[in-house]
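Letters A, B, C, D, E and F name the chains as they come in the text, with residue numbers starting at 1 for each one.
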């Protein structure tokens, strides 16, 4: 299981990074959300893996619980990365509409002397 | 009465929502009932701008019968479809478009009909005509399209007419 | 007067001219003059004590930990220089009043001049080498301003920048030297440093310190090979040239060498560095000066030459030489300043400084002729003027100096230099004033107003008087200054016009005769000189600076060309490298945890997750498809969370997923639908390698982490233990979010809120720009389908939306004890509203019921904040939660928790943020007038109704 | 017996999952892929329920319910995009 | 009684599983897009339905109380499946069907999807192959 | 219960939403509230400074949960100083933004400004590693909004780059934190310190990775070569007042490095031995070099200042990377200088750009040219580290602190040479901007044709500058620099005490981990 998750994190990261290195804003954004999946899984897994031990206290019986803290952290991370994605999408869109160009690199200009 | 309809824009909806709440809570308690009912009033009140006209239900009781029929049809339909999918060669199938003229006019009724068609025998309601008087249905395997059309009109639309109009 | 005040006066005074210039040029000049006069008087009040051999000092701690303190001291050397600076300064101020024309901003000029004056005084009064450095650099800066004073002249601007570059770099070198020196001596106070000659000269750091300090001194005093900046500084107005570049600033280097003479001099290194440099400079300057046709250029190089002379004297390392140096400093200051002023007068009167266009001025400008003549003769070292005396002393010292074992080399070269300086001095007289009157002066020259010739007159008077009565006039100050330099008492100083047939006398006779002869042979000599190949310093300098600028420009713009993809690649590469180094340089123990089983189901999940990710990469060019695949990946991630006991995460992930996809689809509508193929194979390979590296890194790291136990028990055990007791909830994750770590959540909803208002702000600014017009008449990428608001969807939504809101409410209320909570509830509610927007259209829905998104966000954040602050009233910290159980009649008891109120804030913030974001994006497509007045496009019932109405 | 049944059902839906993925990877055009994704979502619901059954817990129910409720929103969004470009005009 | 319940549960699970499988299999096997649309919208729905019923019975048998909330999921699926099917069908019609390839829409002549407002007809780029 | 510590975070967090919901459409009211809030923040900062002055460490346990289980805010000399520095800068910037009318060239400037402050102040005050992440995100996302404030094609494109690069950074941050938590089982900084010290020596690799990844995250913010590439385009294309505010943002990175690597991964900690100094010092030197080279090579004023900001971060990081109390003293003094100087120069740049555009090519004289030129000259002196301004003192302090390092000669050489390059570059720029204008050969440039479609149409977003007001903050910053120079002694005594506190973290840990009272 650990192996599967680790490899999944690895492949998600790799895919995300590859897209982040593309030259148009849209694939880069897609790459960023893949990367955020990877990072969220990573952060989640730092609490170690447990099956069927959700951290919902059972008032009646003694039960084992998985580590709740990373879950809380991941929740925060998901929310934040959602906000970030929204913003970057919006900026990329406006940049494209304003410049008629969705290249992520600005090498087409003489320096960036705006 | 107007006041009442203002508070209960959609009494059936209020009922449905209360039921939904009870299902959500998944065990009956007076708390739940009261609270669910309150929400059942509040939420439709909040959303009524989006549902301006309240649909008329002539014979609510016939709904139950209709539902039972549909469920039965769904089960049968699935077996048939499964059979087609599993055992019939694509070449032997006769997929077909059929156009169904409707007497139904109220959007709610049309939706129920279209939904029923989609959920039952190898048919999917694909589109509505420009004026909304015809339903475009796709059949998975219909050697005789007319038969299908007649069955739909007879088996479902007639009943819906009784319920809605 | 306190030394602080003397040093501070010019700085404080610098504001007056800038302000008083409105009151007229005289007011500005007067204020400047009086400030200087005041400082001078203050100085002279201290003179008697100093001449008695005392040292006046004033100390103030500024930065004791560093050893940088405002410590001033006034001894003979300081008195001499300060006197020169203030005294000549006063004359220059008067002179400048008449020299500058109406167009020139005089207030600025005097302010800069006073700044310079203050810096200069500061240098010579400092008893702390760090403090001295401060003033040192200030002189560079103020001279930069003064040289560039005539902004419109390119040579002025270039000269200023060159001077700054050279002197400032020298200053920087000196910083290094001074820090070393202070380190060796254990203090930065000069008075202390001067005590440690042996210590310093024994230190291995002596050589670097000396070299660095000398670089500073040489650049400032225009010593070879740093001499080239000085002539270009002559683009400055003549008063500046006279003041900074002959009398004072260029003497700062000499002052420093004199200051440090007791500890630095007397070594081989010192002798060969300083004496040689001085000698070379002296000769070179003299030779070049002879062949300059521009009066000021001639004087500039003669200055270079005389500075070299003084440097050489200091380099010789003998006390007598030091005395001579001090004496010549005075003399040079007097006659050279006078010469510059006279040159200025000529320039002013004849509107040219070119010797070739001049000559015979003695008939037209007798006064100027007299003054210039005397000064020039003194410069040439002709008796009975002061220049003669100090040059005699110089030759005397040179005569006894042994350079690299040869007793003749140095005297010979010295004579050679002296010979040339006689030549150019005489040329200054002969080719400008003597000879026949000409008829082709640009304008007919005449003697100026007294205000302009009086200042030089004063100096010339000194030239004569010092020449005649050196003992009476110069001795006291020279001796005390020399004492300060050499460190002994009553240095030997008895200059005479005649002291027998000494080698010095022969040498200077040779020099004078040879000089005169050389002047007669000026034409052929000039031909020879012009035939000689010689490097033009400015060309070289410009080449270097130009090359440096071009190089740094291409370096910068090649690396920072805006290629984000390269930036990211570098970032990744660097991160991987550093991380690997950190890993490899540590030790890792064996894995300590039993692993979870791999079941068929998990393998299926893995295949789907990984497969979808790889599909995204494979198909990313079709952007819509990429979004579909992202949806798959998101679903799989959410399932994984569910499978691994994280229902809250599963819920959050799935709802965030939906909203993100809607957002991306909204944006994609305006963007190209395909991503072109444009990466080269090499580029793809590079990226592939990097990504695989990153993947291996992340995967390997998490694997290593997962397969090991916490080194120490995790703090989350406390959370599990106290979630119910202290937080009143059984869903530990939710309790952590709203209670244990509620502050994180507070920040998190603020992030969402900010995201939303940013999106709103961008929309506003884009729609407020030219883009709007293009948006309004943009064509869709592909032909559109009819039936924008399908009937079935609308009807279904009428039922689904209320149910969804119901579910949201349920998720919200149960969150504290079961999976769920304000955030998920907020997302579901938002999606419910979006469902409505998708069904009947944004414009229809908002016309039916506009929601105050900003208000919802604000309320959410404020509710959360208010809940947190509520705790204050119980004297508890922010966000301290409270909960209790209510037991109403007829009903079961239920829980009330402030955490729920906080969660409500979260709910509202999320709801508002998501909706505001989507609404803003929707506004891009919104066009006035397209708002459909019906919830659905096709509605037979409606049509019938209208028909019947028309029927009646 | 039930355990085996659950295992069998899970196996079926797992297999279904793989088929959906196969379709997503190989289908030509977006329409079919959206359809496959929609199917996948429904299969996911079944799997979640089965997981709850297998572990005798209802904690995972809400997840399934939310998926059932929201899954169709993204599907509709994709389709609307193909039809109209702008999904909330 | 136990046995009966267990049998029922098992039965529904097996049925559910099979229908789910068939649905997804149809997605692969059927060769024309519109036909593919049939399989999931029904088979899968019933598949999930079977599992849900099993789950309800299971709760009754082992937690001792009848669990109704599975009905919610069924409700949602029955509410949404037709909508998704309708939209996917419309997308297909829009991108692959022409007025001639469909039956005439009676007196209304046009089908809603193909009834394009004049001002929206021309597009920026010619429709490429977009599946 | 002393609630002062949380005040600087809560005040803007409450003012901003208020501005958003209540006075969204009242520009003047927004200005009033924004300024009032910043003034109040300054007062709060003074109170905090007074509390921290005597070396007592204040702890605020949010939710009344004991550390390390809840989140704590910690007030010590360092955080107090950084808070005051931030609020002072904020006052200058907000006044300038109003004076220049920048705040009206787009929506929600003041709200974003307040949020930005909240993020920065939170980052300085929090004692919890993950909470630090949250505040980083708050300040970052606010900075995204401010950076693209006013729109315009180039600015937006630069914005995309800025955001994407920092999103990479944020992902790295999470991975680093996850790693640290997974090894140590805690997030509280003080607790981290304790646990890291207790770690078994034979199992260090993973912790080292976490530690170094965290350092990289901070290095991005601090614009350490080669992680600095995001900075020039972002700062040069941001509205200059915003760039001026960003002067404190890069300091957050420096602060975090100083905090984490004295408190948690202290210089003499065996576990993380050789992780930081080994490469940070060379990197810092290269950063300084790259910055000054950029100054000399710049074609455009905004970029010139941006690169000088990089250079000054380089100098700062040299001091930090030495990790000695003396060096930290120098670093802290230099932080103050660098913040004010960089900010001032960005504001001056705006004065220039508003009058004649940013390109470093001669144009005819600008209005108030003399005044602007004087300010530019002063700013250049400060940034080049020339006397008489604090840059010189700071430079001396850093060089003096480097004396005991074995790299001393390299450090000195780099600092001195780069100063020269900067001086030459600044002189060049100043001469082109202010002197060459008077050259009779200079003609007015052709009016630029509208290539930039994103630029707001002048009509509806016309800025309404309060001309006099714009100069006030610039002079205020200059005054601050002068004061920092004149009062170098007292200032340095404070930073010395601060450094001492940093390098003796026992007190900090003690105070945080045991509840005051019990």
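Keep in mind that, in the parts below, contacts are C-beta pairs under 8 Å (C-beta built on N, C-alpha and C of every residue); 3 or more make two chains touch, one makes a residue touch a chain.
In this text, all values refer to a predicted model and were calculated from it rather than measured experimentally.
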Report task. Identify the chains adjacent to both chain A and chain F in the sense defined at the top. Result -> C
Query raised in the report: Using each chain's Cα centroid, which is most distant from the centroid of chain C?
Result: B
Query raised in the report: Which of the two pairs, B-E or B-C, is linked by more C-beta contacts?
Result: B-E
Query raised in the report: Of the chains present, which has its C-alpha mean closest to the combined C-alpha mean?
Result: F
Query raised in the report: Hey, how far is the Cα centre of chain A from the one of chain E, in Å?
Result: 31
Query raised in the report: Once you find the CA centre of chain E and the CA centre of chain F, what distance in Å lies between them?
Result: 56
Report summary line: dist(centroid_CA(chain B), centroid_CA(chain F)) in Å evaluates to 62
Report summary line: Residues in chain D with touches to at least two other chains are numbered 10-11, 17, 30, 34, 58-59, 65, 69, 76, 80, 82-83
Report summary line: Within chain F, the set of residues that touch 2 or more other chains is 130, 134, 137, 141, 144-145, 148, 151, 156, 160-161, 164, 168, 175, 178-179, 181-182, 187, 232-233, 299, 453-454
Query raised in the report: Do you know which chain E residues sit against two or more other chains?
Result: 18, 25, 37, 39, 45, 67, 69, 72, 76, 79-83, 86-87, 90-94, 110, 112-113, 115, 130
Query raised in the report: Within the complex, which stretch of chain F touches chain A?
Result: 130, 134, 137, 141, 144-145, 148, 151-161, 163-164, 167-168, 170-171, 174-175, 177-179, 181-182, 187, 232-233, 236-237, 299-300, 302-303, 358-359, 452-454
Report summary line: chain A contacts chain C in the complex at 1-27, 29-30, 33-34, 37-38, 40-42, 44-59, 65-69, 71-76, 78-80, 82-87, 89-94, 96-98, 102, 104-107, 109, 111-112
Query - chain E-touching residues of chain C, taken from the complex the two chains share - result: 673, 778-787, 790, 792-793, 796, 799-800, 803, 937-938
Report summary line: So, in the complex, the side of chain D touching chain A is made of residues 55, 57, 59
Report summary line: Residue set of chain C touching chain A in the complex reads 557, 561-566, 568-569, 572, 593, 595-598, 602-603, 606, 609-610, 613-614, 616-617, 620-621, 623, 626-627, 630, 633-634, 637, 640-641, 643-649, 652-653, 656, 659-660, 663-664, 667-668, 670-672, 675-676, 678-679, 687-688, 690-692, 694-703, 705-707, 709, 714-716, 719-720, 723-724, 730-733, 736-737, 740-741, 744-745, 748-749, 751-752, 754-756, 758-759, 762-763, 765-766, 769, 771, 774-775, 817-819, 823, 910, 913, 917, 920-921, 924
